[in-house]
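Below: one structure, written as structure tokens.
As written, the chains take the letters A, B and C, and residue 1 is the first residue of each chain.
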């Protein structure tokens, strides 16, 4: 009896979480005449393929829209922001964890809290800053602004990660004759590779997901990122091409989901700040 | 003979140098704009020119007298609280389910993570399609199940649209909360649960009197993050309803965007966004309390 | 009050036989100690009696009730004290002790009385309003015992409850525990890896190794008449000396065993005693205050194998000098010698 309730609950939750994706999948590959049937028509079942699936939406997406361009733009931004974030946050996290002592913890927390300041408050002053720098409607604006979101959290991630790496290894190296700088450059990197990896993954996912700043700073369709272009610009006149839209959503979601599954535990550690032991 | 410490050994200098870029970035590009945002709220600055003129509390007076703003404020609270309540219920249930082992668990876990992984804007556009007035698959399913006799114009009706927003927010946040609660559950020492079993407590008594109280710090963290993500979110509302119909489903972020960016009235945009600060201050205090509590050894 | 019967009990975790066919008869009111190192199965056995693990096969009877099926812990009339004490951190001491009573829906007034009664028995009345994190290890242990006591169980199950205490505290805690058990006379099953504790506490000791029972007996029986080499070397500190003495009067493949406290300089013994003499090459002497431990090796055994280290334990009352690096004449009274089969390890009469 308990087993049945368990499976029922699991099924319910999975269906609730997953049906939009199933819907995305179906919509992306349904022929238009199978798709655009009024929902009040009960004789037509929308949940299945009534006509054979088609690739026309996918072809439209990749052939006749700016989607490929958006993917490229997104990649450019991702790479640039990842580089900046790793270069800035990793040393900062190391410094706070190892070199700065007691008030390092406080400062680390302070930096972490800036992560909580929402884009929807900062976009107002940012828009002025961006126009001052003549970066409006350019990817440069995003490359400049995104690190304000990634650096605080990633610094915290690296700090937290280093707390679990025993510092005896580095101390041993210093006893063996390395200077602190040499330890940083030679010994530490190998130890914090997993932490750096988490930073890269987090930054990657954040850039892919970000919408508010992209909406605020980018107006030309050919400069858009995927997250912005798909909901805003895949429209012809007043018509939403739902098939192509859902295909785009699907193709973007899947790699992200895979990445997330693999790295979930690390993120959670960062989020819970040790409120959860171990 | 005192050995003059070379730079490579000066840990304090090294520390400062390594920290400087991050600190600089955060101060210059977060701290300063933050202060500037507050200042802007007291100005009549517009996006067109680079002007800046003081208006004192003019903007605040204006928005507090604006019914659209008041509605947006109310909506922000309703959406945040409503979705978080839903999230707590869903996450607790999901955490209980995922403690057990069952066939297909890995697949279930993967699917459960999807709402959190997918970009907000893409999820929002998918849900827009799901709630579409003519083609809504939800309406079809409800009608086919005999549960719906009229029609639900989800995004066209103010109350329904707000409900839709709450559903979408809960949908995208509960996986995150579930993972956190699960981590919390596994940190409860096994022996305490066993002691409760031996002491004679049944499933429900154990859940409510032993496990949930010990989970409180963890659940609080999940709720705190959930509040931040929901209250400050622009994407879901912007894409689902754009604040409509007729400005009835605006929340503070979308209204700030509409007035401040689209309407180029930076002053008013800033003032509206400033009202988000209470949410955030509550969160910050909450988290500081929690961190302090675990240091003192709250639930050891 | 009830005895416990365990018959042919097994617990398998996949290929691992944690408990591998155990038969045990625990008498009503006795203090029985399960002694073994980690992996011996002692904790698994205890948990099966408690109902926290399901046996793979076999029977368990608590009093008249057969419990190896689906009988949940709360229906078995048992109370358990865990190694970590497992106190509820978010409840006061009073609420901790009251919890099992609340679970049985005892009326509030009675709960009050019972909790105070139990608290008095362990002298922790003044802690009733405190939280576990405010108490020391010893105090927490007493709270855990109170919580167990308050259920009026038929059987107490204790899983290494003294392991987390300071060494100094352990002696007094041991004494308190034993006096307490004598007073309430409830059947107690106690798990430990510490053989000093086992000897001091148990009415009977069950020595376990790798899921099997090696020997059951009083401390005296187990110490003086170990049933195999495992028990002989596990119980007793320092362990019993075992060697192939090269004695032609013994059957081949026989090990001779004697405890360090019986291995003394020959001159200490009286002239009429029946002794077995050894030439003891002394390597090192440790002065430990009340005793001296003398480490060395004995000649006359199998020359090809490395000589086992033999230990002698001299009380401080034997004050003669034992210079290191020299060979001395040591002896063991014949009645203190034990013999074991070198291949099976079992004891044998000679």
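Keep in mind that, in the parts below, a contact is a pair of C-beta atoms (placed from the backbone, for glycine too) under 8 Å apart; a residue touches a chain by one contact, two chains touch by 3 or more.
The structure presented is a predicted model; accordingly, all values stated were derived computationally and were not measured.
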Farthest chain (mean CA position) relative to subunit B: C
Chain pair, most C-beta pairs within the contact cut-off: A-B
Intercentroid distance (Cα basis), subunit B paired with subunit A, Å: 15
Subunit A and subunit C: spacing of chain centres that average the CA atoms, whole Å: 57
Complex interface listing, subunit A residues touching subunit B: 6-7, 9-10, 13-14, 16-18, 20-21, 23-24, 27, 35-40, 42, 46-47, 87-89, 91-92, 94-96, 98-100, 104, 107, 109, 111, 113-114, 116-129, 131-132, 144-145, 147-148, 151-152, 155, 179-182, 184, 205, 208-212, 215-216, 226-228, 230-231, 240, 242, 245-246, 248-249, 252-253, 256-257, 259-261, 264, 268, 271-278
Of subunit C, residues touching subunit B in the complex: 50-52, 72-74, 78-80, 82-84, 86-90, 99-100, 103-104, 132-133, 147, 151
Residues of subunit B defined as touching subunit C within the complex: 189, 191-192, 194-202, 205, 209-210, 213-214, 297-300
Residue numbers on subunit B that touch subunit A, as the complex places them: 6-12, 14-16, 18-19, 21-23, 25-26, 29-31, 33-34, 36-37, 40, 45, 47, 50, 90, 93-94, 96-98, 100, 102, 108-130, 134-137, 139-141, 143-144, 151, 171, 174-175, 179-180, 183-184, 187, 217-218, 220-221, 225, 228, 231-235, 238-239, 252-253, 256-257, 260-261, 266, 269-270, 273-274, 276-277, 280, 283-284, 287, 290-291, 294
